[in-house]
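Two complexes are shown next, each including chain A; its partner changes from chain B in the first to chain C in the second.
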Partner chain A sequence: VVLRPGEDLNLPNAVITRIIKGALPDGVNISKEARSAISRAASVFVLYATSCANNFAMKGKRKTLNASDVLSAMEEMEFQRFVTPLKEALEAYRREQKGKKEASEQKKKDKDKKTDSEEPDKSRDEDNDEDEERLEEEEQNEEEEVDN
Partner chain B sequence: MADLVVGKDKCGEQRLVSLPLSRIRVIMKSSPEVSSINQEALVLTAKATELFVQYLATYSYRHGSGKEKKALTYSDLSHTAEESETFQFLADILPKKILASKYLKMLKEKREDDEEEENDNNGDSDDDEAES
Partner chain C sequence: MAAAAAGSGTPREEEGPGGEAVAPPPQAPTGAPGARLSRLPLARVKALVKADPDVTLAGQEAIFILARAAELFVETIAKDAYCCAQQGKRKTLQRRDLDNAIEAVDEFAFLEGTLD
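Here is the complex of A and B:
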């Protein structure tokens, strides 16, 4: 495993604790050891799920992991119970993305109207790689901040 | 079911996932042979991890001895890893714990067993010599 300086394979304690507390009945105490163990387990889960999903991607002769690979992985790992809530999450996410896209396109249209531009609307393809690139750019920016 | 999908953070804003995507991505990328991950796969993995944390916690609590004490302890979790097939993949990272004194006792007993075996073997060779 190759880590760049400052990279952490652990998940933030505060978030993990919040998720655990939300799942258990009120007033149940969670020992520090238990919290730490669950956090480690979660990291291992991510690795296991990724490896499994990657197998499905490779079977499909694809180099990019996609949503269906992750869903297939859950079934393979015997976490079928996750499939329905995950599909719902995926639909919600897609609606959200569509909303954002429409909002930004609307802004562009409004801007064009104001400047009386004669440029035709450029239609963008739904390109998931584009989103990934944006994410990478964000990460690069984070690194630059740390150096400064 | 909607509760599982959308949570609310302290600002009252509705959030799809609580775990930070950048961190999830780092862990995913550390897996060998993974070239790239599309955004939807990243979001779903983060969401699945949340569901996993909830499931592991509630399962361990229900099946563990902590239920009477209204607590979730490490042993509840290692018990789950050992007993449940679904969580078997965690067995190595959640080993059962024993007291140091018990472990030392085990080591001592093993040493004594090994010594006994050696003595038996020496005894045999002595017999051979005696015969010739």
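Here is the complex of A and C:
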């Protein structure tokens, strides 16, 4: 796993610093070098986890990485202790996404009262094909700084 | 814990019961208050995932879980590094504390040679 210079695969310093400070007792500081190294480590972690998760997806003959692939990767990487909090986070995330979907569908209903052409089965489950496309077309993301 | 002190005090928005729900960015409302400030932006995580040539597609949930896992990882490695600093009775985490943690902890072995 190599981070090639020139690619901005860094995670924002401010967020990394906040997470570190949140994990440490009050009054403890972190040097710039240590923070920067932790940030790089986090990027390496994501790359490594992605690679592991992708192996599980391929084993399952799927082309799309899903959440359970990532959870399996955590176990393989010996970060089992992450699995429970991650599962909880996933539940909350799914509830939130469902709430958002319902909210926007409500808005749609309010807009076009005579909507009959809308396919009702677009909302069958959270894990439908729309998720795959989202990797290419960012709908909900806050920042789009990716320059491939 | 320190996390409570670091909180901004801004109440987290839960999704409304349908209607005028102001959709917050896709961040799970779990963990300490003010936790939204400690969330890695999904766009950056997505960029990392896309950097892997073997990955075809990744679902939104996968990206979210990876981001959350990375946050947990940062907490974990910071705490482990701090144990080393504590032995030196220092109050500032240094790079060498991190290196020591990487050497000492098996789960961090994948980091060896990658941070230079």
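One rule holds for everything that comes next: the second predicted complex is superposed on the first by the 109 of 148 C-alpha atoms of A that agree within 3 Å, B and C clash if a C-alpha of one lies under 4 Å from a C-alpha of the other, contacts with A are read in each partner's own complex, and residues count from 1 in each chain.
Definition applied: a contact is a pair of C-beta atoms (placed from the backbone, for glycine too) under 8 Å apart; a residue touches a chain by one contact, two chains touch by 3 or more.
Here the structure is a predicted model, which is why all the values come from computation and not from measurement.
In the superposition on chain A, A:L90 contacts both chain B and chain C. In the superposed model, A:M74 lies in contact with both chain B and chain C. Shared-chain residue A:K63: touches chain B and chain C both. In the superposition on chain A, A:I16 makes contact with both chain B and chain C.
Contact with chain C, but none with chain B, is seen for A:E102 once the two complexes are overlaid on the shared chain. Taken together, the two complexes place residues 1-3, 7-9, 11-12, 15-16, 18-20, 22-24, 27-31, 33-34, 37-38, 40-51, 53-54, 63-67, 69-71, 74, 77-79, 82, 85-86, 88-90, 92-94, 96, 131-132, 135, 138, 142 of chain A in contact with chain B and also with chain C.
In the complex of the two chains, the chain B residues touching chain A come out as 1-2, 4-7, 16-28, 30-31, 33-45, 47-58, 60-61, 66, 70-74, 76-78, 85-86, 89-90, 93-94.
Here chain A touches chain C in the complex through residues 1-3, 7-12, 15-16, 18-31, 33-34, 37-38, 40-51, 53-54, 63-67, 69-71, 74, 77-79, 82, 85-86, 88-90, 92-97, 99-100, 102-104, 106, 126-127, 131-132, 134-135, 138, 140-146, 148, going by the rule given at the top. Of all residues in chain A, those touching chain B in their complex are 1-3, 7-9, 11-12, 15-16, 18-20, 22-24, 27-31, 33-34, 37-38, 40-51, 53-54, 58, 63-67, 69-71, 74, 77-79, 81-82, 84-86, 88-90, 92-94, 96, 128-129, 131-132, 135, 138-139, 142. On the chain C side of its complex with chain A, the touching residues are 1-3, 5-6, 15-16, 18-19, 21, 23-26, 28-30, 32, 37-52, 54-66, 68-79, 81-82, 85, 91-95, 97-98, 102, 106-108, 110-111, 114-115.
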